[in-house]
Each structure stands twice: as C-alpha cells, then as structure tokens.
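After this come two complexes, each holding chain A, first together with chain B and then together with chain C.
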Partner chain A sequence: MNPPSLDTDTLLEIDDLNLAMRSFEGEIQVLNGVSFAVKRGEIWGIVGETGSGKSLTGLTVSRLVPTPPGRYLRGSVRFQGQDVLKQSEETMRTLRGRRIGMIFQDPTTNLNPTFRIGTQLVDVALHAAKLDPTILGLPAGASRRARRAAAEKVAIARLEEVGIPNAAERVNDYPHQFSGGMKQRVLIAMALIGRPDLLIADEPTTALDVSVQAQILRLIHGLVEEHNLGVLFITHNLGVVAQLCTHVAVMYAGAIVESGPVRDVLKHPRHDYTRGLLASVPKPSMKRGELRGLAGGALAAEALAPPPPRAAPGGTIMAIEHVVKEFPGARRGFFDRAPPVQALRDVSLNIRQGESFGLVGESGSGKTTLTRCILQLEKITSGRIVYDGIDLAAQTPQQMQALRARIQIVFQDPYASLNPRMTIRDIIAEPMEIHHGKLGLTPRQRTDRAAELLEQVGLTTQHLNRFPHEFSGGQRQRIGIARALAPKPDFLILDEPTSALDVSVQAQVLNLLHDLQSRLGLTYFFISHDLGVIRYICDRVALIHHGKLVEQGETEDVFTNPRSDYAKMLLAAMPDPDPDLSPLRRREAVLL
Partner chain B sequence: MVGYILRRLLLLVPVLLGLSMLVFAIARLLPGDPVALAAGPNATAADVASVAREFGLDQPLVVQYWNYLTGLFRGDWGVSIFTRRPVAEDLAAYLPATLELVLAAMLLAIGLGIPLGLMAAVFRNKWPDFLARTVSLGAISMPRFFLGLVFQLLFAMWLGWLPLSGRFPLTEDPPPQITGMLTVDALLSGQFHAFGVALSYLALPAIAMCLSPLATIMRMMRASTIEVLQQDYVLTERALGLSQKLILFKYVLKNAISATLTVIGLYFGWLLGGTVLVETVFDWPGIGLYATQAVLTQDFMPIIGVTLCIGAIFVTVNLVVDMLYGLLNPKVRYQ
Partner chain C sequence: MSSTTAHPRLESWRRGLYRFRQSWVSVLGLLIVSVLLVLAIGGQHLAPYPQHIAGLVDTSARLQAPSTTYWFGTNELGQDVFSLVVAGTRISLLAGMAVVIVGAAFGVFVGAIAGFLGGWVDEVLMRLADLKLTVPGLILAMAVAAALGPGIVNMVFAIALSWWPGYARLVRGEVMAKREETFVLASRAMGAGTNRLLWKHILPNIMSPIIVKMSLDMGFAILTVASLGFIGIGVKPPTPEWGSLLSVARVNMPDYWWTAIFPGLAIFMAVFGFNLLGDGLRDLLDPKARR
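Then we have the complex of A and B:
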C-alpha cells in the first residue's frame, strides 16, 4: 500500500481498488485490493496471465470499464490528485486523450478501417486542443479552418516523431495500407497527440513480430526519456518487462502479488507465483523437459514419471527439395496481371525421423505457405516434397488421402480450431472416421481410443461429452493435439501451437509435446516466431525470411553462433527476461 | 473505376436478354389463348386468325422473338393485344407513377430507419430500443394492403386529413410533364400548390409501402451498429476522448451502414415488383396495376415490357449500391 503522497511527480495512485463484475453466475470480484503508484519517468509493467485483471486495471484509470456489468466496491484511483472514480463523464473526457493516452493490443483492429488515418488523428488533435489550445499553437478564437489546418500539421509532426516515413503524404492513407508495426506507430501517435502525462499501453506489442516489437519498445522508451511521461505497460511477456520497465507489478487473480523495481522483482522474486512465472519461460540454459508449469498460482510438482529417453533421430523422413511457390499477381485492367508473388523461393530442408525441426519466421515469411504445401493444400510451382520416399505431388487424391493419416497438424488458435457444436469425443473421433480404412475401428472402439488419447494429453475421460467452450485455452490445445494423434500419425506439424497461450500453460503444453515425442517416436515440424520456445524444443532449426531460407542448422549452433544478419537481428530483438541482458538497458544500439 | 462501371453496364445486356427470353417463353407456355380473348366472345375462327396475323402471332416463336428484339432497338416495345396501344406509351405513363411511389417509400424508409436503428443500438435494451423493436415487428408483420386500408379509414375517412385514393384530382391542373413524377415535376416547374396536392395524394400509399423496408432497415442498422460499437477502434476512440456524438455519427455510422445498403438495394427491386396491392388499394395508376391487368388478360407485350423495365432498374440500383460500397469501404477495389 502506498501512503497518499504530495509528491508532484506522482501521476497515478491506485489505492485498494476493488472491482466486481456481474456475470451469469452472479457477481465475481475481479480486482482485489490493487494498489500502486506511478511517477513521471517511470515505466510500470503490469504482468499477469489471462484473466488476472491487468487490462481491467488499465481501463479503470481512464474509467472505461462499463458499469454495469462492472461495479467499484472500494478504493480510489487518483490521477494527478483527483479520484477518477468520482468524476463525471464530462470530466473524464477532458482527461482521455489529453492527459491520459491509451494504446491497445491489436493495431489492426484499433484503427477505424473506413477513415483515413489523417482524419482520425485530426479529430483527436482537435479534441485535445479544446482543452489545451497550445497543442495546435494557435491563438484563442482561431477559425475552424485554421484549427483544422493546424491540427493536420500537428498530426504530421506526431507521425514523424513516431517514425512514419513520408508522414505528410501518408496521412491520406487508410489503415489497411500500413503494416502492423506502422499501424501501432500511428496509434501511438494518436495517443501522444494531446501530449499526455500518462500513457497506458495494453499489450501493445503482442500482435507484432519480434523485430517490430523491438522497434516499438525503443520508441516508447525514447518517448519516456524525451517527454518525461509515466507509462503503465500491461503485458504477459516477462522479457518485454525486463527490457523496458523500471518497475513491475505481478498480478494474479485480481490482486498484485508482488511489485517493486524491475530488477528486484525479476532477479529476486519473493512470491511463489512470480517465481513460477519466471520458471515457465523457456531459457537458453534449460534442457528439454525442465520447464515447469504453474498450478493454482504456484509451481506445479515435477512430472510424475519422467518420459523414456528419446531415440536418436533416424534417416530423412521429409525431404523438401527446391520448392518454389508462386501466387498469381493481382489483376490490372482487362488482360494484364501484376507479376506473380513468390511466396517460397527455392526452399530445401531435410527432416529426420524422430527429431523436432523448428521453422522460424515473421509474418509473411512463407511459414504457413510451406505447411500448406506439405499438406498438399496448395500445389507447389516447382520442386519436390518427398515424404518417406513418396513424392507427395505425384500421388492420386486417394493415395494422398491415405497419407494424410500419417501427417497431421495442430493449429495455432485453440479457440478457432475446434468445432463449437461438437463434443470432445466427436472432435477426437472425427479423424478416426475419416481414416476408417487405415484404423478400422468400430464406433465403440473410437470412443475408447478417444478416451485413451485424452488421458495421454493430460485430460480425463469425464471430458468426453463436453463441448469446447467448457475448456480453457491450454486444455483446448491439448484436445487439438489429441485429435492430431487420433489417426496414429508419425509426422506432426505444429503451427505456432503455444502462441495463443499464457506462459505457464505454454510450459505445460511444451512439456506434453516433449513427453509425447519420447513415448510415441513422433517427428515434429515446429513452426514458431518465438525463439525461446524453438530453442527449448527443437533439435534443428531453419530461419525463413521473405520466402527464402536464410539459415539452418543445429539449434544450439544457430543460437550461439548465428551466421546470417537476419538471425543475428532476430536474436538481438528477442526480449530476454533477465533485466541485465536487455538491450534497451545496455544502451547499446543493437537493434535495427 | 470507369472501366468497372462500363463493364457492369455491359453486363445489363445479357441479363436483360436472358430475362426477355425467359419471359417470352413463359408467356407463350401459359394455357389459354389471348388472341381469342382479345377477339371477343363471338369471334369466328377467321376473326381470331386475322387478329393473330395482325400481331404476328401466327409466326414461329423464334421469329416472333426476333421481331420483338429488333423492335426494342427502334423503341418499339410491341402493342398490347388488349388495349391496342403501344406498350412504350403505356410504360411512359405508368412507370413514373410507380417510381415516384417507390422512391418516396424508400426515402422515408431510409430517412427514418437509419436514425431509428442507431438510436435503438445506442439505447440497447432500454425503452427506446424496446419501443422501436416492438413497432418494427408490428410493421413487418402487418400486410401492406391491410395497413393501407387502415390508413384510409383513419386519415381519409375519419380525420379527413388526406385524400382517399388516386394520384391527382381531375379538378386541378397537373404540373407540366418533365419526369412524369408529379411531385418532382411540380417542384421543377415551381408550382408549389400542385406539389402540395401531389404530396397529399402520395403520402398514404408511400407510408403504407415504406413500413416493411423501414422496419427491416431499422433492424439491420441496429444489429450492425451494435456490432460496430463493440469493435476495438470504438474503445480506442473513446479512450482518446472523442465525444459520443462524433464517434456515433461519424465513425460508427460509416462502418455500420454497409450491411444496410445491401438491404436497401434488394428492397428497391422488391417494392418495384410488389406495388400492385398498394396500387390497387389506393387506385394508384402505376405499372403494378398495369401488369396485373396484362397478366389477367394474358397480354404478352406489356408483361414482357414491365419485366424488362423492372429488371433494368433493379440491376442499375444494385450497381449504384455496389458503387456506394466503394465509397464507404476503402478496401473495396473495383476490378
């Protein structure tokens, strides 16, 4: 608890904040005595997992939590001395955009898609200028036209400040004409246009590639130094906290379990939950199977029985030889077409029986196209994909159908990849029905096997008759894995299987994958943008950039001794949860 | 963009060609003999044959179709067997009346439906929303001709505010013919008294007709506004302090209106083809009445003419709707 202070540097003081939310099951308390204070120049990281209340804490500062269903039970949120919970909506509007700027997680959904970015920035600038005319640099009583022109100038200046090239022209572009990172910059420019004292950033880099994330973090860091802002940085990524933040508050189940200067908390965590959270982030020194998940807010017990040691990798099972994939260009006029887009340019890899092969790349690099080509969902333009001696492109649809039982995939989003109207039993049994020819199971046997698979992935037979919405993200991903295992495959494509999950759940799923590989002798083709995860689980790794393989080799080699510039850049951009190792703190311009 | 419009207009040709062929064939396949009907109850076989020759109906179907088609290019839509008047003349007289009615109904439906939908969404699950939803459900459920009768009873018979039926009183001078739509013509020629009279005749049928599109537009608008209000960018706009008014009428409206636009386009065609009940109740001299008469007497040429007209208007309206999508959504690219 922070005693009320008269310190003029203190921007925000949250004291014993208690918030309840009404739901179908009655009122649930979602914030439980949250207290902390942010001063100018401080970057407070709020870390926690899904449902810990970190976003609600951020929204409360601007009082954007709808009431009802929300209800403040107790406590105060003082922003520069005034309790925002007691202000009128009109007063709150004088704070929002002017004194408190906010940016949110997904830059693609946070800009209005049907308006030019200039229009959106100008409206925010005009709003802020109503409260503080100096923002536009105009005398009071300037004409509407003059204010508009001045607002546009301010918008362009702010866009330049956040690093948008050709800002004067780009104000006329629509959001979809910007990349994800550029959109987030636009949103940051929008949040900064009113020259706020406090910036609330809710997972602003979660939807971005690591290299772009590094740029955005540098940008925020620079802005704090320049304008002496206070920042509330909400994230689930401990690496980002270690890089950027001066202070951190760890939230669990609506309460802050530990807070303080970032080095103290991350280096010497006192609370079990903080320790657990730190332990579930894959680190370079960890061997496979050493990650520990969290259970009920504390470190989970060690795995009951350690899995048998993995067999050494065998010969090549999947050979990708000089694969090129072109997509036809966009139509131009009646007959003309733009030149074809090369999604994969001469990609060659060998995956050995029983190993985990990692593929790392950023959005648009061709990762997903490659998996679609392997699964024969796309026809390759040239090259060969040979699985266990069989050229996949040369197979008839019937032969390919039989092969599909051997090559299965686990998808990224466990919320979207399970049919919400099917029971878990039906979801897992579906591939067994499709591959009835190979497996030849009766419906009764399918149910038995579904139950067996559920137990293998750490769920119980009681879950068979439930529906996907009754499960958490991690449990759903386990169901997705069970479904992939149903037709007894030997090759599993894992397309970002943990990127939608919290770190502690990610740790559990990674351990499960490790365990299954040892027991079943599976080969993994593991696609991820998370280098920590790749390093933890993969024996060998390939880096793909603009459809081209830029580097491949033994994982340890690539990580400790990267040869390509791209690999070096990616490794430098990867946020390390050790505050002493963070590039921003080292003040060395390692990043782009 | 211009290329796209031209291509879409070019597409009108096969659409109308196919439509004319279809209607031509179906009209001939109907049981009964229109020629005998037109020749009168006491006509001899020779009389019937001579009428058939007069209208070219003794020739093979393909030749008849070809003659019709080439006639169209000369502006000749054929001649009604029943009234013996050129179809083109009839259409010129009746189509504007229907267009006026449909346009007035759609203007009312759009003008009221969109703001009511927005209001219902903003006050979701509060009394303005319940009221708007209840009334719109009633409006959708009530048949148009019945509403028309109720309106006549209420406003014309009991209250005496508006005329009972018809389009313009015989006792007054109509405005000079420009578009054929009396209200528009009156305005164009500056005859405000005639405008008032024409409007008083137009009011009841237009209101009776607008209610079901009004209710649909309102419900669509409500649903899409609720969806847009839950978008992330609306939260961002609020978090940056923009006023509710600006957010709703500028930022939300433009995103929410696209889905409604589709409904507007579809309803336009639906109203054009479905005016007959309202026209009957209000004795409105439009193509609905004209087409019904033609169907009852199996008079081919008017049937085909009306069908082609409605088809052409429908395709054009939907082209306009597609163009509007492009204005509303910058991601739509015309190729």
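Then we have the complex of A and C:
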C-alpha cells in the first residue's frame, strides 16, 4: 500500500499543532505547538492535568474536535503519511474505527444499553467489512446471511481475545450484565474489529478499580505485542504511564513540556513541571508533610513548613462493633423478595482519638455504606456504633442532631457537594446556623468565622461572596473542608477527598489535611482506594472487601508485610510510578 | 476560573445574554413578548381611539375596512378594532399570567411535598393529580366558571384548577432527583431539617425548569382564556378581550374579515412569542434539555 520508505514504521506524526477554541471570553489557544511521532509497537503516554489539552490532542488525531468552535491555526497531523486535517469527512469516516480505534474513559456510557453486545459488535464488523471485506474472510458478493454469520464469528473471536470467558454465550447478554472492567474489554474488542494500526485510549482505566486496571493494562500490553499496534494512551496517572508506556509526553497548558522514552523522562526529568508532577505523587518513603507539589507550573520551592508535632493518639473515640447492614433484596413479583443484600458483614474497628485511620476498598466494597451508617443516614441492621461512649443508634433525633456537630464529613466530588445556588459564605455558615444552639453565633459572627475558616484552608476573604462554579476542583474541596470544620467537630470522615483532583492539587489538599490535624487535634477516618495516599496520611489502616474487613493494622505493617491474599493482590496491582518496577516490563526483560 | 473582575452575578447574566443571542428565534420571542408587555401596561394611552375602548359607539363608521385612519378597520359598532385589540392585551396577559402563577404555585407546593416525603403522601397526592388529569381541562374550567358565575377572577381560578398537575409532576420528579444530590446529603449530615433541605437546597436548584415551563405555558394559558371568552364564560363585552372580540366577530365573517382576523392574529402572536421565549429560556437555563 504505502511506498516503502525509511519511515514506514511511523504511524502518526503530529507536527507543530495549534488549535484555538472560541468561547464567551473570545478565542483561546488550547493546543500550542504540539509535536511528536508514534511508531508501530510504541505506547505513547500523554500525561497532564485537567485542561492541559491531552484529550484534545487525542481527538484531533481522528479529527473529532468540532469546528467551530475549534479552529486549527497551524500544523499537521499525518497518519500514515496523509494529513488528517486536510482529508474530507468521507475519508475520515473510513479511518475512524478502522485504521484508528478509540477507547474512552467511561465504559458504561459508551455501550448502547438497549442492544445485546453481540448485536453491537456485529454492526461494527459489518460496517468495517464494507471497506475491507477481508475482515470477515469472505469472497465479495457473499450472501447477507453468510456475512452476518461471519461477523458474529469475528465478534466472538475478538471477545475471546480480550479475555471475556464464554464469549460465545455472552454475546447474547446486554451491557448491564457486564461489570465495568468487562465493559471496557468489550469496548476494546469493538475497537479491534477494524484491525486498527493505531489505538487511542483516553483515560481507559480511570473509572475502574486498581485490580481491574491492572488487568486492562496487561491486556493492552499484550495486544500491542501481538498486533504491533501503535497506542496513544491518555492519562493523568503517572503510575499507569510508568507501568505500560514505552514513551511519554508531558503536557502543560496546551504544550508538550517534555517527551521521550519513559525511563528517561520519569527517572531523569529535565523540565521543572515534570519534576513537580513526580514530586506530587506520594511515595512509600515519604513522611507526612513531605509532599511538595506544584506552584504555577513548576516544582514548589520547598516542602510545606512542618506543622507543630501531633499529640500521640489517645483512647478509642469511635468504636464500630460487629456492624451488619442489610438492604432489602429486589422485588420478585408482588409479595416475594430476593434475599437481602449484605453491604456490611460484621465490621468491627476502633479509631483512636487524634489518629488518621484509613479504610481501603474497591467500588461496591461497602466503604461508603459504612460512612452513612456512622452518620446515621442509614440504620444499621445489627451491631453498635459507639462514639465517645455514646451509642449513636440509640439516640433520639434531637440528641443525634447535637452530636452531628462533632462528626463531620468531606465528600469525594467537590463539584456535587456544594449547593450551586449558595454563596461560599452561606455554604460555610450553614452548619453554624443549624447548630446555633451549640455555637450561639450572630449572623455577623458567622461571617467572621467563615472568613477565618477560609483563611485556614488557604483561601481569602474575597471569596466569601462568590458562587461555587467560580472555583477549581481543588479550591472547592478546600471549601468543603472549611464547611466541615465550621461546627468545630473533633471527628472528620474524609470520603475519598482527593480522588477527583489532579495529583498536584491532591498533594496540596493532603498537606492541608495534615496541617489541620496537627493544629486542631482532629481524628480522621480517611476512606480511599488509592493505596499511595493512604500510606502517606494514615497511621493505621483497614482493608474492606465485599463488606468484610480482611485485614487491619499499623499502616507500615500492612504495606510491608500484608497477610491476606486480598491485600497482597491490591498492593501488587497498585501502579508504581517507577518504570523499573513494572511487572509488564519485567516480563519484557525476561523475554529479551 | 473567571477572568473578569465584574460582580459574579453580573458576569453570569452577561454569559446568559451571550448564549441567548446565539439563537435569533429566542430574540424574536423576547421582542414579541416585550411589545405585548408594553401594550398591556400602556395600552390605554397608546390606542388611537381610547373612547372606543370605554364603550363609545360610532354608527357613522360601521364595518369600515382597514385604512390609514382605522388600521385594523372598525367593527359593527363603529369601534376601532386596533384600539380594542391593543386594550385586550392587558386582560389576556394578566389573566394568562395569573393562571400560570396560581397553577405553578399550587403545583410546586404539592409536587415538592410529594417528591420529598415520598411513600403514601406521594401516592395520595399523585393519584389526586392523575384524577384531575382525567377530566378535560376546558370542560372543568367551564363547569367551575358556570358554577361560580362569570368574571375574570372566577375564570382564573377555574383554569388554574386544571393547570396545577403538570407542575406537580414536573416538580416531584425534579425534587426526587435533587434529593439524592451530594450537597443535599452533605446538609443532612450536618443535621439540616426538612424545611431547610426543601426550601434552601432543593427548590432553588429546580427553578430553571419551572420558569421554562411557566413561560411555555403562558401561550397556552392565553389561548385557554381566549377560548373561555369565546364561549362566553369569563370576560364579558364591552370589556375588550381577544376571545370575546373573536366571538362577536364571527357573525361578520367572511365579508368583514378584519373584525375577526386581527384579534385572532393577536392571540397567535402572543402564543407564538411566549413559546419562542420559553424555548430560548430553556436553552439558557437548562442547556441539557436542548436537542
């Protein structure tokens, strides 16, 4: 097909790409001279934080950026020698899904829930076969029925290839019958049907649990070896890049600040931003308060000034004793119900005054249910939750109301947890209004206290009259923390407080939490699926799996010497930001 | 995030205006509605023959075709149709607004309670709404108006009675969705009670669809008011109202078409204008509902 040349291996060559977007504020340049080239067999990781332009770069390759509002100012995107930006829409359609496969972040929204997955795969196969009949392996002019049967065979073969057990039967299932990781596999199978040369994966594992993520990474790695694909892997997770990618391009503010082979960039970063990004990821060797983070696109000058030392943990403040929580089963007919679902099975833990207690679990493990039970937003089925000697479940609503001031929560999603119609002042003052009886503040004093809290979390009093949408994710999370601190609590539940944030912002929020704990003597119940974060901030840790505690103990003990299989598996699946520690690479080394 | 130093409210209004102006039909709707509002407020003073509105009869100028003196012609009593149509704007708009506001207020109240409390309260209130929906609105309005006697207040009450279930259903659904939002959960965890959750957290966040529905409903409310006027329940002549003007004029058709066409056109323009405005507002306030 292509004339043989020296560069026949180069699949994609992006040269000085400049893209602008029109909006209310006028035209903003979002891509600023992006250049790199992907060869067959290479996995290019594009890393960057929110708004750095990494997803737009991926979309540009298959020209999916809508124009307008987008406008290409300069540059070229050559895919196998052809400039994608100059092709007709017709030609692009033959490239997309055929020569260029795409996988996106959220596997649930990318499959049509009303069709069987077999139907969806067959559709793709039949469409791809219109352009390249060899996909089905049939002579031209084969009957409709024969083509359909062949397409089904192709679908099953692809599903088997991506590791779906019983593929021949599962083609008859609907998307909701698959787990998140399985759906992502189905989507990868779909992308492979057209036998692409280039695979663009936009955060394909971000919505998945770490153990599933590890499987998907292994799958992509295997596919590259087998089919000699080129991959553009867009992610914000440096650990994933270190594990999987052969090359990496670090993006900041629409430009690539550094690119090259993954070992060179991650081990010997030359650019300040890359160094800052790497310093933002908590590492096992770090002590609390040592995370440095970024300031204005460069490594922060130095670590946070060390806060006053924490008092040693006191006695038990929160005792969770044999807690069981059942949800009624789904209705089956008029009177019948499925057996109840056990979300928490005999969970017991003791949290000491002034410590950080970590709870680690994957989605559906019951960690959020436990926080709701502690807050008495859900009634527990049996067991006791004792806070400071008081059995919470036995309290009247009035007594519980008073206790709520002492137990506060910070939520995962800073975008959803603040009322968009309230000003920051009103948001932070709300708990003070509710607990007027305890605090007894006048509206004027509440405003003063809100201002004081804002300064405590690193914002300024100018922000008081603004609305949540004017703040970035990290700033909103600070506001959420200020609100939780308003009624002067002593127990703070932190429900994945940094999972929705970029790593540099995560570093800032973690340092803030560390600082606040030292100053205010708070007790933290820190819930996360990120083992690195837990190891950085927690004194003790418990692992929860399918509603059962599988392991608990001192953080260092659990991490260095895990006893349960589940803990061992989780620790092994955790992507380490050191490229030399990648299990995929170790296999490579063995093969060589 | 925002780069300007303007006050945040002002800033968001400017953003809104920018988005609104992207669609010329919405601007057209706003224009029509603005003209109607001006006529409704200052109609008496803007009409060329205010004495005709008050009921003056001029038999020397009966049924004259549209001309430069009488833009829309005159009716069988020699009154200027343009003046009557202009004067009718006030009644139609006022009645339409009253219907929508009364219906929406009651519907929002019922829907909010049903959606928030759920359980049997929800069942009872929603079955009541269903019951109401089984009776055709216009028939119910006629029955109520007939029972209470004609008059603008009774008419508004009668129409509003058939109007609230739409709002109750809309609000119930929105409340049920918002009830599960994290910021509501956050407030519950702080210890907030039902009143605070409902009126401070949930309702302010569902105002957009309510306002959009009110604007879209305005057109239909005006049409319903005119229909009741047409069949003689509601506003009685000589008070000018589009429906009753149309009703009186139907004997003049087709020879003296202008006596019927212009009130009809006024109704059409009002419904059209409010619908366009409602669509524009939906794009503005509720961008997710846009196709």
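Things to note:
FYI, the second predicted complex is superposed on the first by the 576 of 592 C-alpha atoms of A that agree within 3 Å, B and C clash if a C-alpha of one lies under 4 Å from a C-alpha of the other, contacts with A are read in each partner's own complex, and residues count from 1 in each chain.
We take it that a contact is a pair of C-beta atoms (placed from the backbone, for glycine too) under 8 Å apart; a residue touches a chain by one contact, two chains touch by 3 or more.
Everything quoted here is computed from the prediction, not taken from an experiment.
By the touch criterion stated above, A:R96 is placed in contact with chain B alone, chain C being left untouched. Of the two partner chains, chain B is the only one that A:A128 touches; chain C does not reach it. In the superposed model, A:P487 makes contact with chain C only, not with chain B.
In the superposed model, A:R425 lies in contact with neither chain B nor chain C.
Of the two partner chains, chain C is the only one touched by A:F467; chain B is not. When both complexes are overlaid on chain A, the residue A:L187 reaches chain B alone and has no touch with chain C.
Of the two partner chains, neither chain B nor chain C is touched by A:R170.
Common to the chain B and chain C interfaces on chain A is no residue.
Contacts from chain A toward chain B in the complex involve residues 62, 64, 93-98, 101-104, 106, 109-116, 120, 123-124, 127-128, 174, 176, 187, 190-191, 194, 330-331, 333-334. Partner chain C is touched in their complex by these residues of chain A: 24-25, 375, 377, 400-401, 404-405, 408-409, 411, 413, 416-422, 430-431, 434-435, 465-467, 469-472, 480, 483, 487. By the touch criterion stated above, chain C contacts chain A in their complex at residues 1-3, 8, 12, 15, 18, 181-183, 185-192, 196, 200-201, 204-205. On the chain B side of its complex with chain A, the touching residues are 3, 231-233, 235-243, 246, 250-251, 254-255, 328-331, 335.
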